[in-house]
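Chain naming follows the written order as A, B and C, and within any one chain the residues start at number 1.
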Amino acid sequence: MIELRNVSKTYPNGTKGLNRINLTIGKGEFVVIVGLSGAGKSTMLRSINRLHEITDGEILIEGKSITKASGAGLRRIRRDIGMVFQSFNLVKRSSVMRNVLAGRVGYHSTLRTVLGLFPKEDINLALNALERVNILEKAYIRADQLSGGQQQRVAIARVLAQEAKIILADEPVASLDPLTTKQVMDDLKKINQELGITTIVNLHYIDLAREYATRIIGLRAGEVVFDGPVAEATDEVFAEIYGRPIKKDELLGEAAL
Amino acid sequence: MNGTGTNGLSRLPKKPSRIKHYLTFVIVLWMVWGSAVQTDSTFKELFTGLPEMWKLIEEMFPPNWQYFDNIVPAMLETIRMAIAGTTFGAIIAIPFAVISASNIVKTPWIIYPARFILNLIRTIPDLLLAALFVAIFGLGLVPGILALAVFSVGLIAKLTYEAAETIDPGPLEAMTSVGANKIQWIVFGVVPQVAAHYVSYVLYTFEINVRAAAVLGLVGAGGIGLYYEKTLGFLEYDKTNSIILFTLAVVLVIDFISTKLREKLL
Amino acid sequence: MKRRIWLRWTIVVALVLIYVWTFAGIEFNGIKPTAGKITRSIFEGIFSPDWDYVYLPDGEDLLRGLLETLQISILGSVISAIVCIPFAFWSASRKGKSKAASGSGKFVLSFIRTFPELVMAILFTKAVGPGSFAGALALGLHSIGMLGKLFAEEVENMDSGPTEALVATGANRLQVLWFAVIPQVLPGFLSYSLYRFEINVRSATILGFVGAGGIGTPLIFALSSRSWDRVGIILLGIIVMVTIIDLISGYLRRKLA
């Protein structure tokens, strides 16, 4: 369970990034956050694992405050939260396997990981994660040899190997073409359903959000302006979130879906 | 698919061998270790040398500020040497660059020998050239200037012909189509596109030559380098320090001006 | 338009003044009458070199001199490649780092770069005694200036995504360094070190002029005793060695890219 209590973020220059956000996200939910760029989607997602600091309020992960945690305690909480990024964030020169194993480093001592002495179970975990996203045969290939969609699936495998209980995905399909977009979203959905991992995704495309989400949260200027099941997220609601009618480039298109 | 063991995995890829990496590592280690043993380079030597080094540094400070008066003429000589050497080198580099560029000259038996000579020049350090020229011409500025000139030809010609090979072929075709002869073709088609690069490379080479000129005196080729031998020979380390600081100041100022000019050019 | 003409004339006048100042100050006493003869002797020496000097059973010969030169440059390059790493991270400017910190690092590096290596070699011969070790230390210290600058650029151009991803998995500082930073910068570091090694081989050939070991020692003796056939064979040896090293090092650098 993730709880955001009165979370605010004010930048040094005075801009409000997030404004008094209160949310509770339950286990196993598939939440999609929508909003214009600059509405605070990415800031909110990155506040949950504290890649961004908040200036006010508190965030609780499974009842523990990540806001107050520090050092080893903070790393222990982060270990349970996997993250998928828009630009994949793989080490391009390293092999796929090494990128996936990087998800395991939080579980072991520095010395052990630096020497590359991952236990057999970790290796199996990593291989199984790759199998789940259908790129097992690429395990020992350098990450920069893969296409964008394949790289994003490696990133998802990294999260799986991490045995995360929560997945945060920040615009995971923004740099992909419509066909790969669908494959990556299917992967995320499958993992969410089969393993019961709580998943929070920032998305730009409205039709994708409707197709995959169980719950949609609309952000506008750092505030939650909509929070409800997909059925309630009508075109009028989206127009309200965006402050204007939906534009064509906010739809991925029927062809891909 | 089962969740745990590797048995359930389909198409399990083979893990690539790491032997090549280990082997490379061992060879490099062996080379470094061998070099250290052969040259008597040990940490023990370093630590026994440390107090000596500290003593040397202590003797160097404070620098002898009065000594500046004695070395200003030599410093000016050094700068003159660098300017003259770079200039001669830059002029001789032009024909070399032209005959080394494969989009200007289309004859392989001209291009390859020209490039071979340039490569050959660049294998010889400038101080070694200076020592040879001192043997031929005797002590003084002339061998220094010649050494810098030869070195500059190698560097400027190489950088320039590489720049010339990347120019836009459009203007060249235009010159051919208006019936220009080879010289006109170069002057109107090539030069305007390469000139800025060329000047920039000349300035860059000048920066290198100022540094080089500062030590050419060590082999008798004139300039401030002569004074290193003088002061070190008499163990006047405070004066040596003045020379070093003066050189650093001059080099940094010239580098600064030259870099600014180069930024303006490109 | 008028400004351009002004600018052009200023440049012309400045150049004329510089050249008048330069050449008025250079004394030219004519060429020594022996110059032609000596030049001929050197060329004769180069074309009929002292082949016997290549290998002498009992000590001081060309091959041993070249080997020592190579050893000095290997040591110098390794020393600088290791010592410059902290300097590189110090002087690399990255997001969220003070300008003063990176600026001071950059200044120190340019200071080291400007310090002539031959003078450094002389000072080291005073400290640790004449010989190869002084030469290796001089090359090692001087090369930090250039390598530190190049390494810093590599660090500055590094993609920060993988670092962010590792932090998100709960990795500690060392693990982030090992799994996200080092794999990204290592190939660049190695490639620049090889490049510097090529330069150091050239520099090491003249260290002997100031008593810092290598092939320069017999060369300066041969020059002062006017044994041109020996000068010839040493020159040939240097050219061959430098060319071979350039070829090998260039090949390795292309493989690293």
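Throughout what follows, contacts are C-beta pairs under 8 Å (C-beta built on N, C-alpha and C of every residue); 3 or more make two chains touch, one makes a residue touch a chain.
Quick caveat: nothing in here was measured; it's all calculated off a predicted structure.
Q: Skim through the chains and flag the pair connected by the most C-beta pairs in contact.
A: Per-pair contact counts point to B-C as the maximum.
Q: Compute the centre of every chain as the mean of its C-alpha atoms, then state which one is farthest from the centre of chain C.
A: A
Q: Taking each chain's centre as its mean C-alpha position, how far apart are chain B and chain C in Å?
A: Using C-alpha averages as centres, the distance is 8 Å.
Q: Based only on mean CA positions, could you tell me how far chain A sits from chain B in angstrom?
A: 50
Q: Report the inter-chain centroid distance for chain A and chain C in whole angstrom, where each centroid is the mean of the CA atoms.
A: 48
Q: For chain B, give me the residues that contact two or more of the other chains.
A: Nothing qualifies.
Q: Which residues of chain A are in contact with two or more other chains?
A: none
Q: Which residues, counting only chain C, touch chain B once they are in their complex?
A: 18-19, 21-23, 25-29, 31-32, 35, 38-39, 42, 67-68, 70-72, 74-75, 78, 110-111, 114-116, 118-119, 122-124, 126-129, 131-133, 136-137, 202-203, 205-206, 209-210, 213, 219-220, 223, 226, 231, 235, 238-239, 242-243, 246
Q: Tell me, which parts of chain B touch chain C in their complex?
A: Touch residues, chain B against chain C: 31-32, 34-36, 38-41, 45-46, 48-49, 52-53, 56, 76-77, 79-81, 83-84, 87, 119-120, 123-125, 127-128, 131-132, 135-138, 140-142, 145, 211, 214-215, 218-219, 228, 232, 244, 247-248, 251-252, 255.
Q: Going by the contact rule set out above, which residues of chain B touch chain A in the complex?
A: Those in contact with chain A are residues 1, 3-6, 9-16.
Q: Which of the residues in chain A end up touching chain B in this complex?
A: Touching chain B from chain A are residues 123-124, 127-128, 131, 136-140.
Q: In their shared complex, at which residues does chain C touch chain A?
A: Residues in contact with chain A: 159, 161-162, 164-172, 174-175, 178-180, 183-184, 187.
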